[in-house]
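Letters are used for the chains, namely A, B, C and D, taken in the order the chains are written, and counting of residues starts over at 1 for each.
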Amino acid sequence: MVLLPTWMILAIPLLSFIINGLFVRRFSGHLAAKIGTIAIGFNFLFSLALAYYFFQSGELSTLEWHTEWLRFQSNLIIHIGVMIDPLSAMMLVVVNTISFFVHIYSLGYMHDDEGVGRFFSYLSLFTFSMLGLVVAPNLFQMYVFWELVGVSSFLLIGFYYTKPSAVSAAKKAFIVTRFADLGFLIGILLLGYLGLSVNQGQISSVYSPLDFLFLNNPDVGLQLASSGLLTTGLLLIFIGAAGKSALFPLHIWLPDAMEGPTPVSALIHAATMVVAGVYLVARLFPLFNLAPVALEVVSWVGLFTSLFAAVIACTQDDIKRVLAFSTLSQIGYMIFALGVASDLYPLGYTASLFHLFTHAFFKALLFLGAGSIIHAVHTNDVWQMGGLKKYMPITHITFLVAVLSISGIFPFSGFFSKDEILTAALESGHMTHYLVGLFVALLTSFYMGRIYFLTFWGQSRSHENASHHPHESTWVMTLPLVLLAILALSSGWLPFANYLWFAHKHDHHSLNMTVAFSGTLAAIIGLSSAWFLYSKNNFSKVQKIQTGMGQAYQIIKAKFYFDELYLFVTHKIVFNKIAGPIAWFDKKVVDGGVDLTGEMSQTFGQKLTLIQTGQVQNYIIWFIVGFITVLTLYYNTVL
Amino acid sequence: MNSHLLEWLIMSLFIFCVGIYGLLTRKSGVGLLISLELMINAGALNFISIHRFLYPAQVDAQVFVLFVIAIAAAEVLLALALFMLLIKKQQPVDITQLNHLKH
Amino acid sequence: MGILSLIVFIPFLTAIFILFAKSPKTIKSIALAGTGLHLLASFVLTYLFFNSPQNINPDPTGLSLQFVEKWDWFSSFGVSYFLGVDGISLAMILLTSVIIFTGVLASWNVENRSKEFFALLLLLVTGVFGVFVSFDLFLFFIFYEVAVLPMYLLIGIWGTGPKEYSAMKLTLMLMLGSAFLMVAFLGLFHLSGLNTFDMTKLAQVNFDLQTQRWIFPTLFVGFGILGALYPFHTWSPDGHASAPTAVSMLHAGVLMKLGGYGALRIAVYLLPEGAKEWALFFMALTTINILYGSLGAIKQKDLKYFTAYSSVSHCGMVLFGVATLNFIGFKGAVLQMVSHGLMTGLFFSLIGMVYGRTHTRIINEMGGLAKVMPWLATSFYIAGFASLGLPSLSGFVAESQIFMGGFMGNPWHDLTWMRVLTVLSTMSIVVTAVYVLRGLAQVFMGPITNLHFNELTDASLTEKVTTALLIASLFFVGLYPKFFVDMIEPAINPIINRLNM
Amino acid sequence: MIIYLLFFLVAFFSLLAVSSKSLYHSAIYLMGSLSVTAGLYLILEAEFLAGIQVLVYVGGILVLLVFALMLTQSDILVNDQPTFTKKIMAFGVSTSVFALGVWLLSSLHLHSIILPTASSPAPSIKQLGHAFLSVQKNGYILAFEIISVLLLTVLISAIVIAKKEKA
């Protein structure tokens, strides 16, 4: 239908990775950068055209192309393929746009970095694996690209490999996501097994048991649900999703992932990779729908994460850490929106994906804006900025647009998507979710207002000498900011509901007035309190609040000591208490056992030599004694 | 009244055991040889007595004993030659000291 | 003189030629030429194998062997020189020829007495090839011994560290293993009543359950000792740590696969009832093997011990695959043999190269090498990612097969137990990730620890060729597993039919 | 009757030979015991053997022994008194051998065989000579030659060993 075969969308980033990675990078980093950007640019246009044609054609889902990759059994064959359906089309657009803007932005940001070639080849690798994940027709291929996304995020976080903190952050990210992928893999095995036992049923063997079209097929779902293992399978898979989207227990790696260059944080840790978990749950939503227990877990984990992250975000000093926690909180929003959705109230499904769509734009904008600030001021610490309004007008305005959008002020996209989530929670009767959601909205606008006022308003608190004023970034960096700001503005008005829906299409697109009003009110309260506390330069009032909260403030600031807890568990428990003893046990006991047999034979030999005294008579005695015993034995037996 | 083969065999066995006793107690090399002679003699006696009681007509036993005597002679000769060597080195012919093989 | 005898004896002939060569230069080039020729021969063999008529309609009952060469050797004992190749042996031959080729390349700078070194190395490989193609138990045992014995000299003379001790320990334990095998083979020979060592004929005999109950464990443990089964794996860390690069490449890469290969080909194929009795026990043992090996690797200080423990864990997966007794599990076991062979080959060659430069293998003493040797660092990371099972690399393909096999269970064992063991061994992918990344980050990432690392050079040409070849094969197996899957599946059917009989 | 006397004499002499302190006495007692056994041979009608015994054993070997005793002159020759434990051990060993032998011999129930009367003639010396040199099946010519070679080598080697120092 589109002029080019759809697998091109995968092939181009892969090609650019191979070309850049193996050849171009050695000669000139900048050439590699240009090749990467052009490739992704083409991909961006291609995905727009793809989405446009797909939504025109009105088909439900088209399996564009697939080839056999790995054959487990005759009835369990894994295909690599490209499947376009509303969900993956939307994701294609999101991933490609953000990736394209980040590529343009990085042309400026990474310009004087000596590893620029390496950076752009990793970016193409990441985009390739993310697209592979998005268009995967079956769960196994999604797992394959899931891991590849994990590796590319590992490489990108650890880009400044000479910095030990970046290296350990990359290692931490990979290990935590790898731990979650363990759950994902076991979930796949379980679903594969269940699928096999169902496959013998009436569904023809067109699909292999792990294909989404097979799994999401209603009557297959019913058979799976009847088997009783479905909830455990889905929960295992949700663990995988929680790992990648940094939900509550597995969130520790995201704040540290900020060690990577800012464009990386913008692309991976704001817009694309972290929403892979949301995408997975959305992709398997028909199955999740049949397992209400699993959905409950999903909603509660999402809710708690959003609250937990929003609270921590208010206390952080590093601008990128604040944005990381805000991402956490927004993803919590999307997850609990999916959690509250069901075939009775399908609004949650659309709301969550709509929020994913809009969040990608304004969060990427926030990160890129923060990047250009850091680029100008050379520090992440919010307390050393201030008064940048005068020096960086474009960044200031675009940042302001993003802050208003994320807090959910009317004309901006955040308002519509967050609004829909809250209405979905309200309509489906999840009152606690609605109230906590509102409170989180307030917190969101508060901490966003806080960093906005701290960085742009008041006097400049940077330690550098006053003469060197921070200057606005070059056009290459500000152009994506402006484009993203426009998108942040316009994406709210997109009639999302009639493209992406579950169970039945909404006929009307009405705003639930109570939710709209309460949401905006929460946003205004948050922003004004932030303005009240942080806009002037005297922070006496802030000090008062901090001392007022006393110890609680420190705990929150230290992210509830989860990092230390994980470090304790891994280092103390696993390394010293389990791996250490095993290594010792292996060395001493098992190895010792073998050496022991060696020593035993040696000492036994030693003892024998004592008999050779050298005295002739002893030998005679031994001879005769031997003679006698032999004779007696012989005669005893014979007679 | 005539003697029985058993007495003869026991007699030679007795001499043989006395020889063993001598072998184990003697310290000097020559003492060893003496008890050794006894044991060889006991063997020869045993041989002849069995021959005489069981196969009086054959001659083999006597041939054997002659050979035994010859070998005993050879053996003593060699032993004494070795003892001469020891004497030359002014070492006592005391077998308890002769344990160089052990080291 | 069929192609199989050629395959087996090319390394032997090269060894003979080497003995006549004078300067180290000619020695190495002859060795390289020989192994290169061998690589070619194995590709030709694969080509012939794939489109020979018999492969298209293999008969389901017996082993579908090709290029069979069968001559009576000691007819009174029923011993015959019986060579044949099927999917599994072909996969192993390909693996071994790649590993020996890169092994010779990796030991390019062995200086002292290189003549004997290469001759022994090629002798060892001859034994290995012999094992993979021989289908007569007696011949199998002879080649098995030929493969094991040169190891003592290779480690004893050219090794590092406590080389005599570990060479002695390694050889003695492997001898213990072959003692078990000898007992089992003779048991099979006598109890079959056919007065023959020919495997295909022995496969027709249904031994009574009593004999199978004792022969199977002896066989499995005998092969397990070489395949690093849990309690008998202690020779492998010391052995590999003090072996020179090419030897540990060959040993971990190929020799340990003899264990897995033998367990599958002989133990399970000839004694199906015994297999059904014991499989769950050995599955539990290998689960310990997997977790134990990977956990043990976390605290290792020396790079070679680090890789040795990881290969203990990966070889445990091979035996785990064999113990699952189902179609996917067997296929996973063979794939894991191939993938792990390549992985450890790459790992040990890289360690050899790094050791050649920094002259230390202690992980803490090294740091920040990535800046100085980017090629080695990237290939080390690719090897690391392959070993932790990253998709698009061979590790993932093999491990997913094994875990899927373990999860699917088999009709003779209760499913929940197998599921529990599979979940436990799947956890090893996390532990592997932990120790691989920790080790590599310590060695390559971060600032350069001591200054005179700065003038270290990156990979030379031969090293680049070695690593490139191995990495390419890792990616090939990872990206296009269909090639190996189509090759292995027809070879596994007879084993499965025998089990279901 | 005479037999038992001779038995007693032999036993007496050999016991003394073994247990006497000084070696001279034990050499002489050995001579006595050997000559008494020669007498026993006579009783067993092996006259030639008795002659040889006296001639070679007593005359030859013992002379050599005494000759060696004279040469060694070391003190241990005079009082070769073994330690007590050694005696006990040796006594224990020899009695156990004796007891074993007696037990075996008695179990062979030989006592029924008695000394044959003069009726069966003992082999004459002519027959003995024939046996030594005959080449037929049961001839000992080969053994005879070998023993002669053996004696020759022993002689030569004894001389070589004994006088090695001087050269």
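One rule holds for everything that comes next: a contact is a pair of C-beta atoms (placed from the backbone, for glycine too) under 8 Å apart; a residue touches a chain by one contact, two chains touch by 3 or more.
All figures in this text were calculated on a predicted structure; none of them were measured in a lab.
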Let me spell it out: compute each chain's centre from its C-alpha atoms, then which one is farthest from chain C's centre?
D
Where the CA atoms of chain A average out and where those of chain C average out, how many Å apart are those spots?
37
Whole-angstrom distance, CA centroid of chain C to CA centroid of chain D, is 73
Between chain A and chain D, what is the gap in Å from one C-alpha centre to the other?
104
If you average the Cα atoms of chain B and of chain D to get two centres, how far apart are those centres in Å?
5
At which residue positions does chain C touch at least two other chains?
none
Please list all residues of chain D that touch 2 or more other chains.
86, 89, 93, 97
Which residue numbers or ranges of chain B touch two or more of the other chains?
20, 23-24
Let me know each pair of chains that touch one another.
A-B, A-C, A-D, B-D
Name, in rising order, each residue of chain A that touches chain D in their complex.
617, 621, 624-625, 627-628, 631-632, 635, 639
Within the complex, chain A is touched by chain C residues 169, 172-173, 231, 233-235, 237-238, 292, 295-296, 298-300, 327-328, 368, 370-371, 385, 388, 390-392, 396-397, 400-401, 403-404, 407-408, 422-423, 426-427, 429-430, 433-434, 437-438, 441, 444-447, 481-482, 485, 489
Mind pulling up the chain A residues that touch chain C in the complex?
68-73, 76, 140, 143-145, 147-148, 151, 154, 158, 161-164, 167-168, 170-171, 174-175, 178-179, 181-182, 185-186, 189-190, 192-193, 196, 570, 574-575, 578-580, 582-583, 586, 590-591, 593-595, 598
Which residues of chain B touch chain D once you look at their complex with the stated criterion?
1-7, 9-11, 13-28, 30-31, 33-35, 37-38, 41, 44-45, 48-49, 51-54, 56-60, 62-63, 65-67, 69-74, 76-78, 80-85, 87-88, 92-94
Flag every residue of chain D that touches chain A in the complex, lowest number first.
86, 89, 93, 96-97, 100, 104, 107
